[in-house]
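These are the structures in question, set out in turn.
Same chain, two partners: chain A is paired with chain B first, then with chain C.
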Partner chain A sequence: MTVKILAACGAGVNSSHQIKDAIEKEFKKRGYSVQADAVMVKDVNEDMMKNYDIFTPIAKTDLGFTPAIPVINAGPILYRMPAMAKPVYDKIEGVIKKENLK
Partner chain B sequence: MQTIIDLANAVFKPVIDLGAAPIMLIVLTLIAWAVGVNFFHALEGGIKLAIAITAIGSVIGLLTTTYQPALNAFVKSTGINLSITDLGWAPLATITWGSPYTLFFLAILVIVNLILLFLNRTNTLDVDIFDIWHLSFTGLLAIYFGANLFIATILVIFIGILKIINSDLMKPTFNDLLDDWENPMTTTHLNYMMNPVIMVFDKLFDKLFPWLDKYDFDAAKLNEKIGFWGSRFAIGIYLGIFIGLISHQSVKSIATLAFMAATCLELFSIIGSWFIAAVEPLSQGVTDFANKRLGGRMLNIGLDWPFLAGRAEIWAAANVLAPIMLLEALILPGNRILPLGGIIAMGVTPALLVVTRGKIIRMIVIGAIELPLFLWAGTLSAPFITHTARALHAPGIPATGLFSSSTKEGPIEQFIAVLVGKASKGEMMMVLYAALALIAYTALFFWYRHEMMKRNQKYSDEGKEVADDVKFVATHGAAGSAD
Partner chain C sequence: MAKTVENDLFDAALAFVEDGDDQDTVFKQVSDQLLVAGAVKPDFYEHLSEREKNYPTGIDMSVVNAEYPNVAIPHTEGEFVNVRKIVPIRLKKPIEFANMIAPDQKLKVSFLFMILNNDPEGQANVLAQIMDFLTTSSAETLAKLFGADDAATIYNVLATSFKK
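The block that comes next holds the complex of A and B.
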């Protein structure tokens, strides 16, 4: 089963794509099948969320509704320092294991 | 000397004649390799950049070829000359990254950032390499209007230093807005250089209309109600229909305009993301290079602005400002842009959020007041943008018509670049105007700095962790300590 992750940023162009690429690369290394999509945060809605297993915004995000899927802040991936990104990947892996998504 | 020039021409001219895409493939690959990136990763980035330059040319061509006849008819039927096609920011980024000067300005700004860090004049390490294009755009604009490379570089360094100072000043406000005083995120994004101007209006608001704040509404609820009607492609469709109707097009043409605008706005974003992927190896290489030289010092990390994008006020204000901007564009003297690609004003609203700290009515009112600056700057920059795009020799870019962006970040910096460029030609009046503009710009920035330090002092007095050099009363005993 492929784990589906939703990344979101301002334009859906820069930061969210960095997060998407980094997550896909890291989880390939960890032996998971992960597919991430990058979108504009303003376009995220409850219907869109139904298609994903985990939501990874850059920081705390006020969507106007409470997401039904786990939310993990992925901002530290953008710092470009592996030691700071690792806890984010570990949290995602923790959710994958806990929710039995693999 | 002549022998050296002849030799350089013999070596470089055939490469230059290949056009921007192959040149940038070679240049980006070699530079990323030089900063320590694996050669094949560097080459991958270079190839992606060449593809993105080629693709953006084709989509610009698609949009302008479709829209130019309708915009000309629009001018005829309304008498309003709004004939410049608004591409939005992504194509401008692509065009600017298509210039080798952008890599030169990148190198200069990385060095400036490191010097400021070593001198303890900042706590921010800027890792947002992609957005260097904003300052490169400013430098190239100055060159287009007459500055030499030296003057343009001085201007880029000057604004670059102010941006880094600003990133430190804003840091406590970011912590407040994110409700997270541990995070290291800040930004050197150019859009926040509008803060000083916005601060002037915010202070006027404090004096004259503080009662308006009580009408602030729930921005997240508004965004949820607007839903997909406020998305990029939906706005492309509205504007296509609007332009088609006003310019008396047939139903078939109106449908073509609507769907073509929606298609191009989506494609601009997709191609924009290719650019991010293209410069990613270089970004990582430059960050590793800087980190190695900083010996593990704890720093604020300068990112792109969207770590604030989770604040609903940014999008609520952008949604409300879109029709206001369209209306202003129609009646604003001196404006020639009909908003399209830039109508979701994400280059405008983040700075409004930071200065007003989320007071939505102020964001909308001040946003409406400052939008003309963006439209005028976009109009002024259109010949430069069009010229630079055509110089890429990417297939598809039309030979006629002008294009620009209605909400390009840094309108004030664009005006200054034009004045500095013109002053460089030696005309005394222009030298005087440029000097006065630079003095006013600097004075306004330092007044803003003072106001932000007052704000930061209040945060500190409330027990929040604030670095000594962005407030008045030191509590850490040494300048330069990180938040």
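The block that comes next holds the complex of A and C.
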């Protein structure tokens, strides 16, 4: 099964794309099939969330509704420093295992 | 000044040293110059400014090196820009930005890497390249950049040190 992750940032062009790319690369290395999409926060709605397993915004985000899927703040990934990114990747992997998404 | 590296991420004509007291002032000063250069569309400033208020882009550099000044990466949607460039801007006076990954935290920022990206999916991630530059360049290189007094020095440091 492919784990589907939704990354989001303000413009949907830079930060969320970096998070998408980094997550896909890291989880391929970790042996998972992960597909991430990058969107603008303002476009995120409850219907869109139904198509994903995990939501990874760049910061704590008020969406106007409570997401039904696990939310993991992925901002530290943007530094591209292993020490900062690893805890985020580990949290995502923890959710994948806990929710049996693999 | 003539454009010298048309296809590169940096352009000698699009590097700035600005003296403004707040975000809006600096954004307007730079946006006006980018508009004249044909790099952005007329409504770029409004969208840049609005976006920064809702989705801030300050980056706390103390986690990289306590000696480095904070930076920010202001940008807006690709539909408001005409090119794919990084516009470096040295701020004579530090101005306040909210932290991108912790918006409740305010940072004094001294250098901007304004991202103009009309093709987010087309090539390697611009933000990733900026972060790699900031986290892997020597302290000497970054000191030269952050302490530059003129646009030519900024451009020269980036043109020679920024990994493509």
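Convention: the second predicted complex is superposed on the first by the 102 of 102 C-alpha atoms of A that agree within 3 Å, B and C clash if a C-alpha of one lies under 4 Å from a C-alpha of the other, contacts with A are read in each partner's own complex, and residues count from 1 in each chain.
To be clear about the criterion, contacts are C-beta pairs under 8 Å (C-beta built on N, C-alpha and C of every residue); 3 or more make two chains touch, one makes a residue touch a chain.
All values derive from a computational prediction rather than experimental measurement.
Once the two structures are overlaid, the count of chain A residues touched is higher for B than for its counterpart among chain B and chain C.
Of the two partner chains placed by the overlay, chain B and chain C both lie in contact with A:75. In the superposition on chain A, A:1 contacts neither chain B nor chain C.
Shared-chain residue A:14: touches chain B and chain C both.
When both complexes are aligned on chain A by C-alpha atoms, chain A residues 9-15, 17-18, 21, 38, 40-41, 58-60, 75, 78-81 touch chain B in the first and chain C in the second. Looking at the complex, you find that chain A touches chain B at residues 8-18, 21, 38, 40-43, 45, 57-65, 75, 78-81.
Interface residues of chain A, counted against chain C in their complex, comprise 9-15, 17-18, 21-22, 38, 40-41, 58-60, 73, 75-76, 78-81, 84.
The residues of chain B lying in touch with chain A in their complex are 89-90, 127, 130-131, 178-180, 183-185, 218-221, 223-224, 227-228, 230-232, 269, 272-273, 276-277, 280, 283-284, 287-288, 291, 301, 303-312, 314-315, 318, 346, 350.
Interface of chain C with chain A (complex): residues 51, 54-55, 57, 59, 63-64, 73, 75-78, 99-103, 115, 117, 120-121, 125-128, 131-132, 135.
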